[in-house]
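The next block holds one structure in the form of structure tokens; read it before the comments.
Order as written gives the chain letters A, B, C and D; numbering starts at 1 within each chain.
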């Protein structure tokens, strides 16, 4: 998995962490996390948690409960399932890429009966296929539909609103569960308006924190389901957390210093303004895609409308190893890019452009990619950086 | 749960965080955690994890695998159970206090059949009772024995070596699972020598980190059990982690910045030397108990030999509210102490004296307690501080 | 100068920095200083400096200009002299201890003609002697009177108001220059009300910063004098700084990160409230003196009313080496105390109790001293800690 | 001086601080400076200072003493003069730009008789003119020659070796004083080999620290001169510092936390290797100049061989306001550039490319400049970024 042995000598300047998460943690957040740990049962703690929860709801665009776990985002996948379903329940999971597959695997490992809508990892979730599968399920055996909003392995954003429409059109009562790990706080997500039942997210992408916090947002229907859920669970159980969310004093020992960071990063997101944040990412996505297009390279998504604004997966020409390219770029330009995962291993390189990022860092990253293409011998036309700059300057 | 509203004005000086965890995070660790997040699949990450695992084994005194989760210690309880047992298995759990009870509750919630050895929360785990229960289980239905090494709610340390002896004497094949959340890295714990099968721990006490990392150490028998375990699990599954521990690249997104901190705190523990660390805590425990004795107050543990060296639970006289005392101390002296939990709520106050602590801070803490006793009107004899100083100076 | 070789092993816990400055820098200030350096000519910088200057004036209790230099406090001594005087001018300097002597030496090195009022380092500046010296100077050859407000080497606070009265009584027009390095922001100082002409201070004591900023506050008379001063100067010249203080853009490259810290520490001082800060120090001073008295030891100041509330200089019995005591305390309890300087070298030990400090840290410090007395074999009565606690608890 | 009012909203991403100093402080250095302040007379302090001095000598390429002051670089100018000269001495100062002029002003303010070799701010110091001036001074009235190695206002590096040759050719005994504020640790400087007598530098450029430390390196001749110097001085006096440099315990309160940073940054410079550091800056200088050339813009230096490798001053076409360009770039791209100073105010924009910097950050900076040119309506040809990338990729 390690790409290369780092040179022993010190590397000057700031590492370019352009993987699609964990993202660059703003130094304000790093400093906030360096505060001495406080008593999680003391008078300062509860109000901080309540303040965090209130703003997390704003970011999720929900007036329903939001819960967080000391866990990676993976844990929040599991929490979504075990709180609302019964052992062995059938779920419909939609293949969009590596992370959708991992979520499916979690569901299978936990014993759920997964109906898997296959895909080629180069298209968004297909509402038509979902509708068809649900309509075929006349007995309503399917209890939940699992979709990844922004597939981090392929750079494809699926239309959750259309998925919801499809479910409605099918008249199917399954719960809608959506992974927003790499979209929340970076591209528009409407928990209530889209009638999502359980959202699954994490701290380390648009929320600009290190990994370590898993998040669920739930709907009233999901809450109701959780009250009758018979699945055995302890750590992931929403029930005690919903009680403790009233006071801000958690049923488990909370990840205090990460919460200091979240308190700060939520301030930053809301000070910039969610709309401005989304618009910034839209600009970055378009700039990056224009660069790829100028290089004459292909995107992983075949449908340009489905391209993600938080990362861009570049599909390398046949015979060129994406990992060799990444190694050259890391060695020469001290930039980390995302590897191709699973089925697209060594075929794609992923450029993360989400989180705490501005125009000039993005241009630097695109420049590193362009220079790397040359050094690695990947056929391309130069001019990607220029195309990105044209777009960014014109805004 | 909140004890008091903090005064609006700024409080000068350093807060005394004398709860029995999370402990004072050393500023070196805080600064280490403030380092920019790095690529968890990059060349620097794997070696760091391997370095951490190797030293965690030293701290656990084991040559067998150690695993860590992005989770609280609570999660590591769950991981211990679900990796080694089968659904509905019988386990023997030993009541020692609040956290033993919580662990039991986790086991029950997950559907295990818990045989519960009751206690009054004022004694260590009783090897004789354990042996008797195991001998009565001639069918060997009991698959695991769950014991808390250092019960954080009562300040009592149980003799795990004697528990192991009891199991051996009973000739019973159950796995021995031990919670070391508030003992690991502070008081002697011998994973291999005591033939513990699964150790459960966390980052926020003797390891001197904020909360957010759960830890398991396992024996060969536990590993073998995990290979045939039929319990459904995903997040807590050891199998993929054991593979990834070979390279240091985790199957989940790891809590990078907490790992930066752990890398640093392990350096500190081993630089001080485990023996010196234990000896330091022994001095602190004795100093604190001498103070309590000088005050004429009672300890929670009725058996002085069972007193913990990482925290001291003081039993207040009838008619005196432990939480009122804590409130006075917090308001007047800016010191956080641990509340009584569960059955001993409002009866005990817990003084944490573990982690990154030295003599003068301990004396300050004891002084805050003694002055608080006076202000709260708790009958006592002064001289606790003097007794502690006599002990510390004589060493 | 080095007292001892530190043990190679890591020392757990927080070092007790109880020297009379540099003081403990609050972690909030340390984190503020860890912010990335910004453009000192950019739009954010000027407003920050203006904000700092406005609040520094509040702390100095003046409506006249305050100026700061990238320098130690020593530099601000020099600035006071060279901006207001002419080459070879006569000044009256009052011996109070080591730092008064150093200031005198600076004046001499710069070629001023120093009239030196001697003292035994155990008394405050004597207004009567000052008045007599000024009255004798019928020709008004003396251009300035130099007094240290709080003599850091002896723990003696002089009455600047009485010095001003004496000057007025003598009808002498000399400028009054006052060193407040170890008093500003800790004990009351009234720049305007006491008609001080030039105040000299630094960042590393009551302002709770690391060393690196020298400060002058000036009166209208001092300003007028500076306009006609013929002394050759460049770095210390107030003229360009007075201009730049209008905008906040300095004539030299400013110490940006220390200013980040000052911005924060001024917030903290004013949030606590100057009156509360002074009252806190008064409590600490009294508590420490009660401890010394209980030990049966002597204070350096012979006049108890002159004892400083920011540090306490303890006079050791004949035949006992103060530095040996400090060494024992540093080695055994990881506490730094102030050495005796100059004439009182090895005779006094100084306990700093100023800056970011609270009751329990002070008790810890006093306890370290008391235990150290025993270990070093200095004859004393125990009970100093108890006396301090009695005072602090009774408040 | 303030260019613009910053937008109230939060700006995402990392500010590009591309002024020619203070430079980007590496986060490792920032974290080192966030360490709690220690006793400057304690056992840890002296060895740290000795370690710093030893490595500073390596960076200055000298085996003679190096001294540091709590001051800006400006202070080190003054120190150079007042330690080696007598009141009213004649010095030869060479105009190269704004900072050479400021140093001349310092000399004049201190009463020295400055012989000023004028220049147009677009050429390096002229060895021929220096030689002529010295040859004309048959009485050897000139006691020192003052040259700026790297003129930060114009981006011109002067050949100190040739200046030394000129002095030797003239057979003139004047001391050679060189300002290396913006060259030390970034471009080659040979204190001993070039027989420089006093070097003047600061912490905030190639040493990668915030401002606050002034530095002198001295030769044996300068030391000898200092011993007989009659100039009145106190703060800047080398004599006590030379004594204290033997032990590392300073005669003034040292800027402890900046020294923590210097201790770290020297580690980084020497780990990268001075040669590698110089080579990196050479690449950056060339890349930037190629960009300027591609834009069809003029450099401030008329002699391309004199271009500095630490900053590039771009000369804007007539009728275009450099400050308007900087404002656009700051507002749109969050990048700070250096303003034109003094005679070239509003004519030049300065791009800093020194200190903790890598290729991609440099490309980002150049891209911001190129986009800014378009937005500000400055006539230019695009392709500067491409030219820089070509150079950087080819290395």
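Some points to look at:
Following the convention adopted for this analysis, a residue touches a chain if its C-beta (ideal position, glycine included) is under 8 Å from a C-beta of that chain, and two chains touch if they have at least 3 such contacts.
Computed from a predicted model, the values in this text were never measured in an experiment.
In summary, the chains found to touch both subunit C and subunit D are A, B. Counting C-beta pairs in contact, the pair that comes out ahead of the other among A-C and A-D is A-D.
Averaging C-alpha coordinates per chain places the centre of subunit A 54 Å away from that of subunit C. Averaging Cα coordinates per chain places subunit A and subunit B 34 Å apart. Inter-chain centre distance (subunit A to subunit D, centres taken as mean C-alpha positions): 45 Å. Multi-chain contact residues of subunit C, defined as those touching 2 or more other chains: 14, 24, 27, 31, 34-36.
Subunit C makes touch with subunit D in their complex at residues 1-6, 14-15, 17, 19, 21-25, 30-31, 33-46, 69-75, 77-78, 87, 105-106, 109-111, 202, 204, 210-212, 232-235, 237, 247, 249, 252-258, 330, 336, 339.
Of all residues in subunit A, those touching subunit D in their complex are 9-14, 16, 24, 27, 34, 268, 271-273, 276-277, 280, 332-335, 356-361, 363-365, 367-368, 370-371, 374-375, 382-383, 385-386, 389, 392-393. On subunit A, the positions that touch subunit C within their shared complex are 27, 31, 34-36.
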